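Let me give you the structure first, and then I'll get to my questions.
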Amino acid sequence: MPNDQLQTLRTKNPEEGYQLAVKLAQKGIVLTQPSEEIRKMLRPVYSTNADSLIATSQVVAIHFQTVAFANNYWNQ
Amino acid sequence: MPNDQLQTLRTKNPEEGYQLAVKLAQKGIVLTQPSEEIRKMLRPVYSTNADSLIATSQVVAIHFQTVAFANNYWNQ
Amino acid sequence: MPNDQLQTLRTKNPEEGYQLAVKLAQKGIVLTQPSEEIRKMLRPVYSTNADSLIATSQVVAIHFQTVAFANNYWNQ
Amino acid sequence: MPNDQLQTLRTKNPEEGYQLAVKLAQKGIVLTQPSEEIRKMLRPVYSTNADSLIATSQVVAIHFQTVAFANNYWNQ
Amino acid sequence: MPNDQLQTLRTKNPEEGYQLAVKLAQKGIVLTQPSEEIRKMLRPVYSTNADSLIATSQVVAIHFQTVAFANNYWNQ
Amino acid sequence: MPNDQLQTLRTKNPEEGYQLAVKLAQKGIVLTQPSEEIRKMLRPVYSTNADSLIATSQVVAIHFQTVAFANNYWNQ
């Protein structure tokens, strides 16, 4: 659906950049498991497992590197 | 087969860049396990396992860094 | 809540940069598991598990790369 | 043996760059486990395990970053 | 305590840079598990487990990237 | 011992750069587990385990990024 398309890596500030990084991490999961039903079934599993949460945070961290660089770290 | 060859890292926009990152992640798996039959057997396993999905998303994230940099983050 | 918003990646020195990296790693977990109650239940699990601690430290390391670069490594 | 020596990171195009990244990932395994016999025994294990395949693809992704940068992303 | 504060990423040479990377990796663990008593209990577990040692080495590798860059790779 | 000290990240060519990356990965393990006796006991475990070998190769990959950059990818 159109509004899920990734238009730009530019964001107004670090907070929005972080939100975009989260979205990018989720996008990787959606593309591998397109069924919303299955993803909903998995959610209580990984969201209550410490190691899964840490792993999720790591994927966000990698995307945040990309987004931060794309925005010149919001300096200026 | 020729149309699986990686021709360029340039893409028109972030959305296509992300799709290329997914393709690059899959390519790593295809080269290690060339049998389409075995890969098809594995698919229901990892696509319904939260930790496998997160790990897949991480590989995509690393490739997306590369693709985004190659495209100067689509800034102009 | 407003004071959880990420305002800037600039910090005065490496020590504060590291603290920010820790905060960025935690933010990824909070966004995936918003319930403070569940996160508190998970804390004794991962904070007494060596592999979970190492994985947490890795997420911090990735964010510290980003923060250090954003601050030009505090050179000058 | 001489033809296993890594001569250069330059490749003609992204496709060859990806092949080099795969070779670099394998080299790390060969140096840790020099016995070809043992590596052959392990192959059916990891090549039919989804998580091992994803992990392999991740190592390739990291090397592909390096190779792509070394070739200025094949942008001229 | 003051002498645990991270003052600078500059080091005289690669050897000291590597030592700093190790310190940065440990710092991530200390901040997540502040109890020295618990960390001491965990030490025999991860220091005799091959996979934990490899994971620790990976966190050090990420920090070493940061420190090496901050020091312009000690070239000149 | 002096000859284990890391003197420089410069190497003559990619092959020697890769060897240095392997040495850097091992150094992280030696610093966490200084006992050569214990490390020797662990070696048959991880060197015959596919996932441990892949993880080792990943640490090498991260260090190879650092070494390659330090050497300007041996271009010229």
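The chains carry the letters A, B, C, D, E and F, assigned in the order they are written, with residues numbered from 1 in each.
Please note the rule applied: contacts are C-beta pairs under 8 Å (C-beta built on N, C-alpha and C of every residue); 3 or more make two chains touch, one makes a residue touch a chain.
Just so we're on the same page, UniProt names per chain: A, B, C, D, E, F = Hexameric tyrosine-coordinated heme protein.
Fair warning: this is a prediction, and the values are worked out from it, not measured in the lab.
Among the remaining chains, those touching subunit C as well as subunit F are E.
Both copies, subunit D and subunit F, contribute mostly unmatched positions to the interface they share, with under half of the numbers common to the two. Each chain gets a centre from the mean of its Cα atoms; the one farthest from the centre of subunit D is C. The distance from the centre of subunit C to the centre of subunit E, with each centre set as the mean of the Cα atoms, comes to 16 Å.
With centres defined as mean CA coordinates, subunit E is found 31 Å away from subunit B.
Here the spacing of subunit A and subunit D, counted between their Cα centres, is 27 Å.
Residue positions 46, 49, 51, 55-56, 58, 62, 65, 69 of subunit A are each in touch with at least two other chains. Viewed as a network of touching protein chains, the structure reduces to one closed ring of chains, two contacts apiece.
Read round the ring from subunit D, going to subunit F first, the chain order is D, F, E, C, A, B. Touching subunit C in their complex are the following residues of subunit E: 5-10, 24-29, 31-33, 38, 42, 45-46, 49, 51-52, 55-56, 58-59, 62-63, 65-66, 69-70. Every residue of subunit F that touches subunit D in the complex is listed here, in rising order: 13-15, 17-18, 22, 46-51, 53-58, 60-62, 64-65, 68-69, 73-75.
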